[in-house]
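Here's a structure for you.
Naming follows writing order (A, B, C and D), and every chain is counted from residue 1.
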Amino acid sequence: MQYVPNIRIVEMPCSGTIDHRVLLQAFEDGADGVFVAGCMEGDCHFQKGNYRARKRVNAVKKLLDEIGLGGERLEMYNLSAAMGPRFAEIANEMTERVRRLGPSPLKKQSAGTMEKEGDVA
Amino acid sequence: MSAEKTGSVLVVGAGIAGIQASLDLAESGYYVYLVEGSPAIGGTMPMLDKTFPTNDCSMCILSPKLVECGRHLNIKTYTCADVVDVQGEPGNFTVTIRQRPRYVDVDKCKGCGECAEACPIDVPSEFDQGIGERKAIYKPYAQAFPNAYVIDKENCIECGACEEACQAGAIDHSMEEETIELKVGAVVLCPGFEKFDASKLAYYGYGRYPNVLTSLEFERILSASGPFQGHLVRPYDKKEPRRIAWIQCVGSRNCRVEHGYCSSVCCMYAIKEAVIAREHSKEPLEITIFYMDMRTYGKGFEKYYERARNEQGVRFIRSRTYEISEVEDESKNLRIRYAQEDGSICEEEFDLVVLSIGLEPSSSIKELGRKLGLTMNEYGFAEPAPLTGVGTNKPGIFVAGAFSGPKDIPETVMQASAAAGASASLLAEARGTLVKEKEFPPEKDVSGQPPRIGVFVCHCGVNIGGVVKVPEVVEMAKNLPNVVYAGEYLYACSQDSQAAMKQIIEEYDLNRVVVASCSPRTHKPLFQETVREAGLNRALFEMANIRDQCSWVHMHEPEKATEKAKDLVKMVVAKAALLEPIPQVSAGVTKVALVIGGGVSGMTSALSLADLGYRVHLVEKEQQLGGVARRIKQGLKGEDIPSFLSDLIARVTTHPNIQVHVGTEVQAVAGYVGNFVTTLTDGQEVQHGVAIIAIGGEEYKPTEYLYGESDRVFTQLELEEALAGGDPRIENARTFVLIQCVGSREPQRPYCSRVCCAKSVKLALKLKEKNPAVNVFVLYRDIRTYGFLEDYYLEARRKGVVFIRYDSANKPLVEKGDSALKVTVTDHVLGVPVVIDADVIGLASAIVAPESNRQLSQLFKVPLNEDGFFLEAHMKLRPVDFTSEGIFMAGLAHGPKNLEENIAQAKAAAGRASTILGKDQLESHGVVAVVQQDKCAACLTCVRLCPYNAPKIRNYAAEIEPLLCQGCGTCAGECPNKAITLQGYKDRMQMAMSRALFREV
Amino acid sequence: MSMIVAAQLDPAFRDELAEKMKSLDFANCLACGMCTAGCAFSDLHPDNDPRKMLRKVILGMREEILKDPFIWYCTMCERCTIECPMCVNIAAVTRTIRGNFRTDSPGFLQKVVDDTIKSGNQMDVQPDEYLETLEWLQEELQAELDDPAYRIPLDVEGADFLFGFNAREVKYYPNELQNILKIFYAAGANYTLSTKKWDATNLALFSGRDDDFWKITGPMLQEVVRLKAKELVVTECGHAFRSVRWGYRTFWKGPQFPIRSILEVLDEWIQQGRIKLDPARNPEPVTLHDPCNLVRKEGVVEPQRRVLKAAVMDFREMWPNSRWNYCCGAGGGALAMPEYTEQRLIKARRKVDQLLATGAKIVAIPCHNCMDQFNDLNKHYKLGMKMEHVCSIVERALVMPGKKPKA
Amino acid sequence: MIIAQQKPIKDIAEMIADCKKVLLVGCAGCVTVCLAGGEKETEILAAALRIMRRLQDNPLETVTYVATRQCDPEYIATMDNLVKDVDAIISLACGVGVQYIAERYHDKWVVPALDTKFIGGSKVHGVWEEKCGLCGDCVLHRTGGICPIIRCSKSILNGPCGGSQYGKCEISKDVDCAWQLIYDRMKALGRLDKLMEIQPPKDWSKSRDGGPRKAIREDVMIG
């Protein structure tokens, strides 16, 4: 089972851990596309983690459309740990989509600075 | 028992029953010897694709238990081993085991598979039911434990190719058979079942027609790890089937081949396979199931059947087909000739026929069973002694799983926990004597130190090194920020690499460790143990998976794979810098149990726990104990229930460890697992560590069939009481009509009450026994006398009880006749109405959840399912636990079941509860969420979201109970003011990883 | 029967039947429909569904059973319940009802039974007629075999086997008997015929009256003892073979001896080379019918196939065959029931389809009962095929040592 | 609590189109509880604006900060040093916060990121309902704890308008008729007679019709 090597993986205990800002940060840092892989709906060991993740991903997709980057660069998929071939399919599918959309427009311009005041959580 | 008892237990068979029993025993403080005949633990479950009724992927829900059982300090697993002899008495058995040679050293073998690559021999794989293939040196299945290969000497040609290929030097052809002697206190027999050989019924053509498969073969075809990677094709010509037929009762309910019993599980697994097949096939799939009675009696099963029939287009035909014949053309499709219920004949063609084969007793254990003097029933199963659930005629020897009778996974798991509980009760005084505790050096305090990270990159033989240029990755890692050491290892997980790692942590004074190797799911606990042994907190460790997520999947692009490996290491090192030690929160355990409900289930749980030496508070709403069992006179096998009940009540009321509170209910509940405080309505405040909810069920008061309008219409319990009491209405009645499914399997109560079919058959037999001249009619929708209950159904038919089937759309009509009640129902064979003047009508009224379920669910904050019964944590593998820890359930509160099954579940609940009471300290398992109180706006988001009730608002801010938190991070992701962070997976860490990825080093 | 009134049901009927059958297994019935699907005729004409008949029995509908046409329609071929998971035997139930409860025995079934009891054979052949026929056959054979010393062994004691045959082979088809005796001669068989009791057939197998049955079959078995034969061999007749074998198993208390079909003996002789066959003499494609009594009930399957393969050039199996074969439609004494001829010929439809599917010209039929049915269906469905006994085919292929084959 | 909801991002961006550097200020009070202006929403808004402006080749610098509340001057004061070199301040608080910031920093351009909607509470997680209209002269003691001013679409005070069907208001079947609820509740409490008393005309001067209001507590005033 092979898939395209341009995928980088961040491990989480459950897709329910994902935060809107982490997704936006990835795009600001230069990612061309991001996808969140959660368990099959109804299979979540933690009951509803993957439902919350889908709601948050949809919210960020809407936001990306509004700000012009395009929600298509972000996607959520549901698959179980045993579905290796499916993960490969997703990786290839997502890479195809990003190639069609072209590199992230954010790459060209210099990035605005970002400071965060107050205690660091 | 003269000699002192041994605090260990022998578990024979490592299927899901053996694994569950071993885990429960080891967690309750008993050392376990787990003996498995095949080269890997797991039994039949790993072969399944999905499991009913939840459609969970079988491996996904099993593998955590496999890893936990395999790595457990107090469980010693012997694979390729059989028990040859057991001598001695309960508490002191001497067991002789014969372990066949594996020809591979389990400790050295890393399961990398190079040997199999080199092996020239291909043979049909037993795991894949002969459809797929395996080499002479093989691992039974990918997630097998032990994760090691085995050589099948029959097919091995001793060419030595594997020995050359193995870089770990694990292969040793000179291994011999060993005989081992063990001292144990109790024995749990759970060797599982064997599948019925379908070729014995020649008319189905199994073995002759390539398109006739067994259900287990079909599971492998459906399974993603199967020979076709889950792509639904026919093994014969690899074509996608359009029309599939399932045939039920193959080797079950068949007196001609001495398999008169019902195998209990085939109806459900047939529907599941049909539904999953539909999901797998891209084109529309026509599915037909040929059956006699659809026996979906378990919890959630009826809804599963209704959904399959009404929404998923599965066609159910009530007919036992005569024979299968093959069409002439090379498609070798199959033709089935069958009769509809009205007698009309149909002939249909199918691309594939799946035979729902039944379960047989495991032949491997017959010899041992005979030697032990175990009484087997006529079919060769070790049916438990009546009213014990798990006992046998030999004290100290218990049975669990399909070996004691065909049953599904939830009941197998229940029986396994019950057997563990029963063994634990037997060896109560020897608890904890043989179990080892792991000693660790004191933890170094690294707070305030700048991060000093060590990076250990693994070759995993050629699995990583063959694709990724490991030295380049190490070189790159050396000049990453905060990295003070980077090195490469042939096998990072081998004993010698572990020792080297500890030494380097010392030498370089590392306070963070990163290992770049394989999947954290299987190896993170192993490395964390080593890091902890080197004095570092387990949380100061992180892994980068450069094998499963890199070298294995980019084999043909080594440069890109190396590039990716570097990136993955860069990201994990960035995260490692932010890791903080997580204190191991632990809390004491009050060694007291609260059991709510004084019926048979409650009392059995209370007694099991009391025998284990724990104090028990038994709370009963009524003025006296006994529950609904008080209204039952005789068990199915004629057991005298009233005397069993009075003996049970006597043992409960006189047991020194049990305090009984009658006429009392639970008023308020506070605290969490190990530290509950419950106030009762009698004012008493009970400190306890666990709670078991066993408040039973109630009999539905029918509104149908003139119940309440005629004194000749009884419910089953009323009829049993009247019969036993010699009520004149029964004495001189000539014609009885028993009507099934009254209130059950209806839109308002879409579930099966499970016990009424067997109870009606029992009542019919009693009436005939009292006076053979009476006429007894049973009007049913499906007769669900599963397992060995089928024999009673056969006996009733032979004794002249007439069974007439009705449809829910054409229910029997009961009208007031002049002297008797006029019952009209259409005979399902002759299609003509039958008019019966019934002197007495017995209604099989449903079992419903009592209203008090709702209050208790609020008090303990545990969920109910839509039918009002309590919802367990996981239908298949945690059937007696709730999601929130420390609370268990048993009996009718979980759902309708008969007395035997209630007793088994009660002992299971006690067994599970003792895994907590057996501990002095309860530890939270590291990854938990923490609230920064000053940032919390008490907005209740986390309280509403958490399925485990871990967050609670205490003095204006949220607080997460570490022992309840399962570490899923859902609350952290949703907290509006980012006051909650998940230890080890903070947002900043994930952002640091993404920033490190795109910043050039 | 528009409605069943439970009060009028008669549960005692069920127990009476069980007592007569000495088995209660029929009460195991799950009404699962396997037998309805198995019966080759249940969808060809009404009142032929075994499940419905058994349901009436279980419900205790005595009147309906006493007038249910199924009881006489059923050919008792046992295909329906050969694999019944609940060990029900519909044929045994039907036969017991016929013999013990029904009084409307159709056609001349009972008459033939009574004649057989009186005359010892089914066709009421008187002893002198029997001996004259044998004498005539002996002269024919002396001419044909060119062996003046040829004698038909009669009442020879201590022979290897006593040969029991069908009254039709004396009354209507002596040429068939001639063929058989010729084969015995070629094989140099040490056999004997009996002058006292030679007809092995027994229509009481169909009438269901066991007392009549034993009056007919008892003497046949005694004859073996009387003549001190080592074995009883029965001609190509399904129900004759079934009668003596079933009678032997069920009622016979005397000394033990084997009973075999002539087909098994022919097979043995061919294997041992005691008779030589030249298949070229039977060039046309031949298919084989498996009579229920011979094949399904008594398990003789392979011998007749080996015999035919040795005797014909082009042997073709019909499908389904052997244990699963379709009944010809005339079993259970149907030929003695002219009033049900229409049903019998409708049932034949299933067999006709089988024959057409093989494309054979000749049908080998090792049973006299079936032979009549095959002749009827040959005419009724205009098949234009030849219907022959196995012995006729074998006789044609017979290579006599030093003799030219019969023209 | 005060319920507010974020404005469309395009409108917010419009407000600061000419700014190079902005300060985004969240509030840990009501707007965090109604999930509109906590630290999470603040940083999401900041990230979104930065990305948007980068796409327009006009990069934006952002500083984010969350005040404990924005309705007390001392909490506003905590961001004095943050505002020095910013061109504008975006407040994610309710209308009160925006005005406090504007009051304190005269020379700074302050804009609201949220629309302050109503006073109410959560019906179910994610859904908030208006319950109080701040009329300044509460009548709930007369209507069994159900406010006709807010929950009756016509805010009538002396019984139902008669247009309701099956207990639902004529303007929408999702809106309960307040007076139906009031009638049912009073009937349950056995106080239907109190409903018969005629209400005096309402003194709307106590609500905002009398101009911006003050609440003064002499007893606690310091100095």
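Operating definition for what follows: contacts are C-beta pairs under 8 Å (C-beta built on N, C-alpha and C of every residue); 3 or more make two chains touch, one makes a residue touch a chain.
Only a predicted model underlies this, so the values are computations on that prediction, with no experimental measurement involved.
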Check: Can you list every chain that touches chain A and also touches chain B?
Finding: D
Checklist line | Interface with more contacting C-beta pairs, comparing B-C to B-D | finding: B-C
Notebook entry, point to check: In terms of CA centroid distance, which chain is the most far removed from chain B?
Noted result: C
Next item on the list: Let me have the rounded angstrom distance from the C-alpha centre of chain B over to the C-alpha centre of chain C, please.
Entry: 58
Note to self: Between chain B and chain D, what distance separates the C-alpha centroids? Give it in angstrom.
What the structure shows: 51
Item checked: Averaged-CA centre spacing for the pair chain D and chain A, given as whole angstrom -> 33
Margin query: Using mean CA coordinates as chain centres, what's the gap between chain A and chain C in Å?
Written below: 80
Check: By residue number and range, which residues of chain A touch two or more other chains?
Finding: 19, 21, 25, 121
Checklist line | Touching two or more other chains - residue numbers and ranges from chain D | finding: 39-40, 43, 66
Notebook entry, point to check: In chain C, what residues contact two or more other chains?
Noted result: none
Margin query: How do the chains pair up in terms of touching? List each pair.
Written below: A-B, A-D, B-C, B-D
Item checked: chain B to chain D touching residues, read off their complex -> 935, 937-941, 944-945, 975-978
Note to self: Can you tell me which positions in chain A touch chain B when the two form their complex?
What the structure shows: 1-3, 5-14, 16-19, 21-22, 25-26, 29-31, 40, 42-43, 45-49, 52-53, 56, 80-85, 88, 120-121
Check: Across the complex, what residues on chain B touch chain C?
Finding: 201, 203, 249, 253-257, 292, 318-323, 325, 337-341, 343-345, 735, 775, 777, 794, 797-798, 800, 802, 827-830, 832-837
Next item on the list: Could you pull out which chain B residues touch chain A in their complex?
Entry: 54-57, 59-60, 63, 224-225, 229-230, 520-521, 545, 549-550, 552-557, 560-561, 563-564, 567-568, 571, 883, 927, 932, 935, 945, 947, 966-970, 972-974, 978-979, 981-982, 985-988, 990-991, 993-995, 997-998
Check: What residues on chain D touch chain A, complex-wise?
Finding: 8-10, 39-40, 43-44, 46-57, 59-66, 79, 82
